[in-house]
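Here it is, the structure, as structure tokens.
Naming follows writing order (A, B, C and D), and every chain is counted from residue 1.
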Amino acid sequence: MKKLINKPDDVIREQLEGMQAAHADLLKVNYEPFYITRAGGPVKGKVALVSGGGSGHEPMHGGFVGHGMLHAACPGEVFTSPTPDQMHEAAKAADGGAGVLNIVKNYTGDVMNFEMAAELAMADGIKVQNIVIDDDIAVKDSLYTAGRRGVGSTVLIEKICGAASEKGYDLEKLSALCRTLNQNGRSMGMALTSCITPGNGEPSFEIGDDEMEIGIGIHGEPGIKRDKIKSVDEITEMMTVSIIEDKPYTRKLKEWDFGKNEWVERELTDEPLKKGDKVIAFVNSMGGTPVSELYGVYRKMAQITDKFGLKIVRNLIGPYITSLEMQGCSITLMKVDDEMIKLWDAPVYTPGLKWGK
Amino acid sequence: MKKLINKPDDVIREQLEGMQAAHADLLKVNYEPFYITRAGGPVKGKVALVSGGGSGHEPMHGGFVGHGMLHAACPGEVFTSPTPDQMHEAAKAADGGAGVLNIVKNYTGDVMNFEMAAELAMADGIKVQNIVIDDDIAVKDSLYTAGRRGVGSTVLIEKICGAASEKGYDLEKLSALCRTLNQNGRSMGMALTSCITPGNGEPSFEIGDDEMEIGIGIHGEPGIKRDKIKSVDEITEMMTVSIIEDKPYTRKLKEWDFGKNEWVERELTDEPLKKGDKVIAFVNSMGGTPVSELYGVYRKMAQITDKFGLKIVRNLIGPYITSLEMQGCSITLMKVDDEMIKLWDAPVYTPGLKWGK
Amino acid sequence: MLKKDHVLSWINRCYEVLEENRQYLTKLDTAIGDADHGNNMHRGFKKVHIQFETLQDKDIGAILKSVAMTLISSVGGASGPLYGTFFLQMGTKAGSKEELSPKEVAQIWRAGLEGVKMRGKAEPGDKTMVDVLTPVVESLERDVEAGKSLVEAIDQAVEAAEKGVQDTIPLIARKGRASYLGERSKGHQDPGATSSKLILQALRDSLS
Amino acid sequence: MLKKDHVLSWINRCYEVLEENRQYLTKLDTAIGDADHGNNMHRGFKKVHIQFETLQDKDIGAILKSVAMTLISSVGGASGPLYGTFFLQMGTKAGSKEELSPKEVAQIWRAGLEGVKMRGKAEPGDKTMVDVLTPVVESLERDVEAGKSLVEAIDQAVEAAEKGVQDTIPLIARKGRASYLGERSKGHQDPGATSSKLILQALRDSLS
């Protein structure tokens, strides 16, 4: 296992200590249990945006805590959902009186743990909503699976909703924005190599020297199919066209109903991208792929979106939602309107994403 | 070879096309010969900051073209210095009438090519200075070697000098700042894996599963010694202490003498860091190491600089000067004064580095 | 009768068994999941083990609820809330008893199973722990109804669990991470089903 | 006499030889450099090859200078300016001749060598191309002085080049990238010395 670490059991804590040492101006790490909040304490009167998930996807989520993005993040063990008590403590620490929006990636563990956490926080009188992100089109149906995974869209959503919170959106409006953005975003990923979790020390899947894995998530889990490595043009075309031609996707997602005071399932249908849509294009490295190769992906992707009549209005290129040191990439296309673009352009000041002031 | 590329011969051009497509608002790519300038054309009355070097180190240098940093960059073939004609054209395109400062990393090829380029530009009546960056303490002497390599300091220097150019420093003052920053910076790198250049398709060096290479540069060349992989604490301690305890380093570097109108060798001595010094700490990924592990490095590094009485006033953590997909990291410590800190904090708006506005 | 001491030694045995099988479970999760199930379960029961002293003075219900809370706050992933709910419902059903009749043992397992199904929405055949817990509970209920001793009933249930584990192999996963693999999940044994079997075996061990 | 046509076929032969030895040179550069020397030289002479037509009407000096400019603007790295300067100085020394006497051939090689040394500041023993070019020039000078024919003199020089290449193996590099390796550069053959030998061999080939 080739990693810059000490003992595998200490990895999370020590890396958090490093973050704390490096970014004391931006964030504050709590160690028992693990969560990260903004350095300045809760932001009065603004909805607190909280996210979390397994570690190993850095900079997501901890690196997105700061002005214009998250108010708190809960890191779990590597590739393992954090626990309700972390999320509950984080919600309490981040709540500025206007409630908490949990951004939850759609994995069985994350969804269940965040539900329990929301219940605990609501028992404390904090207003909480959970919005589940499920944008990975590699997962085809939701009837015979746990549903589409939450991947690349999460980063874009955390940025845009973060700006909306700064702008004063209330919990309901922010939840609606978050839900719409999730419905507007579609992603697909692939890997050239497997990653190795510190706990196991061995590749999460075996893969030949001339093979790639298509439709992977972000947890070192095998994808939906194995193939011979192709050229970046072929790979990018396959992914981009899959995203663009993805059919309407219908599934049920749980949200809290503040009227009925219980979890309800909302049936939602994501409509495909269509000619003339404005999109944010996000080309992401799985961690081990250098940015130079991402530009190779971007080049082909832009040619294809062009051909389909999509208009890329903004982009993000780099390692933002990773799988440890895995080589590979993902593409996310998210339809946006003018308000969303304005929110995207708004200042953000976090360890992982910075612009404006 | 596991890479997201098409034909190896087309890699540079295609990745530049990708950059152009992604960042048309920030930069303009010229293809015959290859160079990158700011989208807005030359900046009138400001010294043009130009750099360049082999490709494979992205985002450096092309990703650092933009407001507050470089005015132009010349990408060579992978790990191969660009040619004088590229640099000459880039200087002509970037010159805003106040002259050109070439930031040259100390490699035999880069130095010779940039010298020839400066001569060509001067023949056109453009005022040009070359400042050579040599901060890699893994190279011990300059008498029996080509001298210390230019590595991590380059990134920090491009940022700080970029801000100084915006602020209106003239060529002489900017050259002096650049020279001082180079003398103030020290770096060291290590690798866990070798990278593979697209042209060769095979690892640049063989390395065992339990081995690491210490004192590597950024070109997939072997380092100064091979060792068993150690813990991140041990590796970081070794690198940080080496940097801090590095002895005064004396060597001659060529600069243009505008009085004598010829190249002269300046003997320069870099003084070691000392207690109380303010430093910018830069923990860099060689490309394949995820940011999470860099935080593990940062943690230990900060403990050690603390013990030595150095004060880290700013930091940079991430993949900024890379060796394709190599796993490994480097540490740079650069002594700075208040003016330099102000320049560091000044707005920068490039594909690879962004803050302020 | 299942005495409080049995419950305590069961919990302790769970820790031992999950420590022994940490790598085995993780390996199963590598094939069709994200390679952490053994680590997750081990982390949780190690925490339980460390706090073991604090369980001594509690009644059976409180012991099980306390185990549940520890699992919930330390396991994470899917198995954390699921096993957390499992022990929570068991504890709630057990109440402040100091010993349980065979019938009550069957009842608390039923409560645990229903909790898991409520939380995770999995049905038998989805290739999850429910594929072990369901035949186990049915076997227990059948045997205590038929008047068998607790040990006999649990021996039978262990056999049902073993069969349940084997039966997950040909299934296509429809819940949890393995479901992403679709057809490719066939031919692999479910890690959570396997840990459920181990937890039952630990109960059996605590009785001899 | 070295006729203009010989020079043209030399340049063409350089391209062929460097194409054949591309991987070999890169492999040598992998051991003690950055694994690009073969690719660099090949890229440069391929460009020369593509523009070959444009050389036809030129005199020897202009041909060599034109090759120099192409190498400078396409090779990059250390070898680009070095071989660029080498051919530039050769061309300057040759002037607008249509053929060169053996003595003049030795003179242009001397001019090329001095250009390389001026540009790169390497001395014999530093483990660079200078370790081949120096004995080659000395051998040429000795033999043409002694009145040997051009072919005889170059045959001798090829032997000196081969020896020069071998002699780089035990050296510790003190210039260029290999110098970073210090002691570890021992035992490896210098890539640039090897390409210098190939360029001389190409000249020999063009005469037969």
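As a working rule, a residue touches a chain if its C-beta (ideal position, glycine included) is under 8 Å from a C-beta of that chain, and two chains touch if they have at least 3 such contacts.
In this text, all values refer to a predicted model and were calculated from it rather than measured experimentally.
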| item | value |
| --- | --- |
| Reaching chain D from chain A through chains that touch each other, fewest steps | 2 |
| Whole-Å separation of chain centres (CA-atom averages), chain B against chain C | 56 |
| Inter-chain centre distance, chain A versus chain C - centres from mean C-alpha coordinates, in Å | 31 |
| Computed distance of Cα centres, chain D from chain C, in Å | 76 |
| Numbers and ranges of chain B residues touching at least 2 other chains | none |
| Residues of chain D engaged with two or more neighbouring chains | none |
| Pairwise touch network: line, ring, star, complete, or other | line |
| Pairwise chain contacts, counting only pairs that touch as defined | A-B, A-C, B-D |
| Parts of chain A lying in touch with chain B, wherever the complex brings them together | 2-7, 11, 14-19, 21-22, 55-56, 58-59, 63, 192-193, 209, 212, 229, 231-233, 235, 287-299, 302, 315, 317, 319, 322, 324-325, 327, 329, 347, 349, 351-352, 354-357 |
| Chain D residues within the chain B interface of the complex | 26, 30, 32-36, 39-40, 43, 72-82, 119-120, 172, 174-177, 179-182, 184 |
| Residues of chain A defined as touching chain C within the complex | 33, 54, 76-86, 107-109, 112-113, 115-116, 138-139, 144-146, 149, 197, 199-200, 202, 204-205, 217, 219-222, 224 |
